[in-house]
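Each of the two complexes below includes subunit A, the first together with subunit B, the second together with subunit C.
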Partner chain A sequence: MRTMRNRRKIETQMERQNRHKAMESVAVLDKLKNDFSKPLEAMNYFYDLFERVYCKRESLHDRSVKVGTLCIQVPYEIIYALDAVPVRLCNGFHTDDEIGSDFAPSKACPLVKATVGQFSSGNFVDRPDLVVSPTTCDQKSKAGAIIESMGYPIYDMEFPRTKESEESREYWRRSVRKFTKDLSKELGVKLTRSKLKKTIRRIGYAQYLYHRLNTLRKSDNPPILGVDMFLVTNAFFFDRLESWIEAVERLVEECAAKTEEESATYQNSPRIVYTGSPPIFPNLKIPLLIEQSDGLIVADETCSSNRMFNDMISVDEWFLYDMVDSISDKYLKGCTCPIFTKNSDRIRRIINLVKEYHAEGVVYQAFAGCQVYEMEQRSVLSAMEKEGIPILYLESDYSPSHLGQLTTRIEAFIESLKNRRRKKACAISQE
Partner chain B sequence: MNRIRDAINRIDLRKFRFWIQLFFFVLFVYGAYFAIDLGRELPIFSCGYNRETGGTCYFLALQHQLARPWDRLFSTASIGVLTGFLTFLAWFIIFNKAWCGYACPLGTLQDWITSFRKMLKIPYGTYSQSQYKALKKIKYIFLFIVIVFPLLLGIGLLDGEWRGAFCKMCPGRLITPLFTGDVSQWTIDFSTNTAIFLTTFGLGFTVLFFVGSFIKKRFFCFFCPMSAMHYIFSDWALLKLRKDGEKCTKCGDCYNVCDMQIKDIADDVTSKNILRDDCIFCMKCVAACPEEDALHVDILNMKVFTSTKGGFTKRMGMDKPNKDENDEK
Partner chain C sequence: MRYFAGIDIGSTAIKIAIVDENGDLVGHKISASGSMFYKYAKESLVDLLRSLDLKEEQVVYTVATGYGRKLFKEANEKISEITANAIGAKAAAKDECEIRTIINIGGQDSKAISIDNEGNVVNFAMNDRCAAGTGKFLDVVAMNLEIGVDELGKYHFMSQGTPLSINSTCAVFAESEIIGLLGNNHSIEDIVAGVHYSIAKRIIKLVKRVGIKDAIYFDGGPALNEGLVNAIENELSKEIYIPKHPQITTAFGAAILARESYGYLQNS
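And now, the complex of A and B:
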């Protein structure tokens, strides 16, 4: 009896968390791999990557210094140029969300709770040596302090909440210059002109690849699913830059060939622009529901995808002084984050995406507890109404419940888009 | 056709500008050596005090012509003034403000001084928004001196020593002759108090020109009355700088490279014609814009140079992996 008990292995808390997280990952990856027809060969790299990191818990950067980032405003170019690796720690796991619930109000944003939760469990594949927290939204700013109290070194990077004024531009430029100096000191690495130039171009090339993929999505025969795109951009959070670039190069090639093929894969699916709170692996719930209901996400306006890649850096004089300032402008000026006072840029972006990608409707998701997205909802909805663009507003969180209700609403929305299409076709044929 | 258009949009603007500017610099500073004379109505600071000039700044002639007595100015004897003005307009209308960014010898010289600064790896200076707003008005004061002072001279309200007042203050009078070895302008005229004031101002302004343009890109152009004059007629010009606000993400890339710090280029998403009074039409903004067709240069309504992602990434060296390894010297 006694020997029996000793032999049975008791699962530690961390092992249990990891088992749950692996289960969450596998569930999503299985859907991505099996639920859709004509999968892309090049996507296998990404399916494998997520399985390796989140199920097998393989480390990708065990020899490098890792700088954890909590928002997209932390300049990747500077971190790479200082021989460190940026790892974005915005988290999408329900398991971590539940752990984090002990540290934040129950109505807080699930993304913030999950991020805090992961820090509290200390359960990292690639543990960050330093965490940079830009002061973007209230919840993230405060999360930085909570994470610090858990014993992690946190660097608060001051970020302005308006972006139109010259003062805010200068303020943010100073913030970035200071960050560059401090990080360089902390890591004991000197920032050189050639290194920074190289990383600017390297990341620029990654963005260029992303834009090439997007251009293909504009065609009548979009070659790639929105959920796959989210997986690709999510991988940029933590993957080795070189491998990511190679994988996306292959993906672009395959997609370009597929677009030229005559048989359209998703021709009858209503084209959708996705906006709002960021889907982060494995919380791809809403994009998956959309595409399982025969919608097709052709473009998005979220910080886990488009907003990370959209704006590119232009440098006039390739010296440190101009490069660092140009980098800071990129992370502030074009950003369409809802934390800013005004949101006209975000609305213009969504409308532009709808036009350029010939989308037929917009799905706006806000995490329950994400105040800024919830507050912008009305203005975006009325702007879309004015433009005659159908829009569906959804509130969701990381929990696996409510799926039925969400499915019903999404299916109804997509059905209505199909009806609109039919009516339009009728009207044209009658003329 | 599409291939040609694509090649134009991918052009290396820096090199393109350098060669055109060099060509025009030689043309306007040394033109007389090649027996070239493009007249006295050019919309650039190609100074007539330089005897070898290939064409003269319109302000020299204009000040001279406007200074005649009013009864003669408004008679048929002054048809020449009118035709002179029309010639000026004709020149201007073709290239719009691109005269500043591509042809003006003073402008080119400032760009060379900027290149020199870059060789020394010294960062450039910028104005704050409030300084900028104050300084940009100065060029209208100079334009007032160019046009109204000669008129006052004509009715006798000002003395003859104010003749060609702006030319005496202008750095172009001192700088352009230098290139043909003429230093005779580098003097202070002690004949009258007014002359002392004007020529001292000119000398001081010239020193400021060199110091200023070393620190600030296109320092002098903020104060240039020709730039102000251009702006008055720029709506009629054939070459246009246009913006499609819908496609603009306000990322500020254009503003970042703008030598003249024109904020509207990034922030104004409603006006179609985005040419502002300070603009020198260098087209750096179009070259630095990563959005397809957001900024473009049109002749009439045809896009001749437009912003494209392909062009942008090529110019920034982002269109190929490991581009640095080949071009890093």
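And now, the complex of A and C:
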């Protein structure tokens, strides 16, 4: 009774996962490229990069030793100085989140589930040779153990939960020194003073470029969309350092010219500071919704973007041990992650960003299941209230559904910012 | 010779199947439901019997099923489409495999049914009251793309790029999403493939709720769409069984049940 239908090959599990990832990527890139007027020429490098890696599955570090990192707290400088390439594996794919749900409670953080999901499928464009898991938040610490049980070599890098005390500083310094020694041994590469100095300088230059780009966003005529900016900083997770630097150099040049233009592109859009759980490609859902609703993200406080570049390493003496300690200080003292017991630094930084970037409101996103961001919501909200800064708190995950409700909330928030602006203008003209 | 009829009155189409004393399918007819279910169902049955050269008296027992079953007064018995679908699927595939899971996509709903080795319904799941992922949705898509609904399969296999994601769970919003994609110069082929995958993913979620057991049977009008079949197979990583006449499985099941009920009543 069966029809003589044409039998077609059924996709393998891996082919299916790759198709899912390509579909998710295209959906976001498509919106970035088409939904906004006046695209930047230099952004094409980044659009292509993400398409090459996630749709065409092109390897970028074919011949290098790759050190996977599960958190922003792993010092890139040391990995580069040991002739290896760091690849940050914090994951934004919904399809991996679904795969990871088999290994973690359903209410766990989607980022952690997606990361675990990718390891369980073993489906990497650039497969890591070693994975470093800092013991920052609970879920990431436990994820490290789950990933290890899947047969990956995991290096637990101990991280303190307070940052004010001298003990925690010393504890973390020892942890970084140990990591440096162990990695050097593992890779069979000796760390030299000149190499470490060179990589500190090179990453410092990347940070400088980021700061130049960011500073341009303070202008009355901000040249770049927040979603584009997230794409640029997300690319730093895995791109070749030198290609990234070149592309951002071009971007800085174009943006600098654009701020000089007379007609401002985003003049009427309320300026927004974005904070909370990190948007990681392709989960740029909330930033996209903000900017599709005519808001403009002028600055952010997230570990997938600003926090990677914000603080520079300051070295007193260019001796090997001093450099390693300086690196460890930068990673601890500059960190504004909510895993710390107290986190007044983060609140201060958000307020500073609002002032420096002339922002009119803050959007705070917490991933459903990311307890620390959920818990810190109260203190940030009340601090903003004290300062008279409007803030919108959103909880979301990686699922593409329920966009309608989120859109309504975001649109209403942006409209309220527009109203404030109008009232302010009226008040000034009446004076 | 005595005959038995199964009439499945759905939201989009009326399906009638006639079986003989041996339970073999002797004829079937599919016609549009239109606005007057009862009238059209009656006319359709008369037409079918005429084309098979059968007299109305020869049909000794009739079972009605489907969303409009209560409107068909002449039926000797009425059963739910879930039961009829399970019986029909098991019988339709009996020579080739043992069906344990059924996927049914109808005009206004989609279902996943799990059956045991005797053909009893163990569990079933239905979509919420929404047209996304149903036959109606495919109609709307084809209309937006200005192609025939029967051409969707052909376009699916011509897709060269990445299938495009359709994220809206609502048919109305999905429509505007599709228009947006067309506006961004995406090919019809990639959009069609994307639509099929989005329906497939939704269906898989439903199937997972009842449990995926081999062999899997897919029926309802959309099962004629080879592109959709391909998308579901890829999402499941499994081959699925498509019957020769996917639209009439439920009517066929009702007809078989009519024969069994008649036999039971005669014997008791």
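As a convention for this text, the second predicted complex is superposed on the first by the 424 of 431 C-alpha atoms of A that agree within 3 Å, B and C clash if a C-alpha of one lies under 4 Å from a C-alpha of the other, contacts with A are read in each partner's own complex, and residues count from 1 in each chain.
Note that a contact is a pair of C-beta atoms (placed from the backbone, for glycine too) under 8 Å apart; a residue touches a chain by one contact, two chains touch by 3 or more.
These figures come from a predicted structure and were not determined experimentally.
Looking at the shared chain after the overlay, A:Q13 reaches subunit C, while subunit B stays out of its contact range. Contact with neither subunit B nor subunit C is seen for A:Y171 once the two complexes are overlaid on the shared chain. Legend: residue contacts after superposition of the two complexes on their common chain; A:Y208 is shown touching subunit B, with no touch to subunit C. Using the contact criterion defined above for the overlaid structures, shared-chain residue A:F124 touches neither subunit B nor subunit C, since it reaches no partner.
When the two complexes are overlaid on their common chain A, residue A:A22 makes contact with subunit C while staying clear of subunit B.
When subunit A is checked against subunit B and against subunit C, the one touching more of its residues turns out to be B.
When the shared chain is aligned, subunit B comes close enough to touch A:I351, but subunit C does not. In the superposition on chain A, A:D311 makes contact with subunit B only, while subunit C stays out of contact range. Taken together, the two complexes place no residue of subunit A in contact with both subunit B and subunit C.
Against subunit B, the residues of subunit A that register as touching in their complex are 164, 166, 169, 194, 197-198, 201-202, 204-205, 207-208, 211, 215, 245, 249, 310-317, 319, 321-322, 325-326, 329-330, 333-334, 336, 345, 348-349, 351-352, 355. Across the interface of their complex, subunit A is touched by residues 92-93, 95-96, 157, 161-165, 167-170, 173, 181, 184, 186, 194, 197, 226, 229-230, 233-235, 237-239, 241-244 of subunit C. Of all residues in subunit B, only 118, 121, 123-124, 128-129, 245-254, 256-257, 263, 266-267, 269, 284, 288-290, 309, 312-313, 316-321, 323-324, 328 touch subunit A in the complex they form.
In the complex of the two chains, the subunit A residues touching subunit C come out as 1-3, 5-6, 8, 10-13, 15-16, 19, 22-27, 30, 34, 55, 400-401, 403-404.
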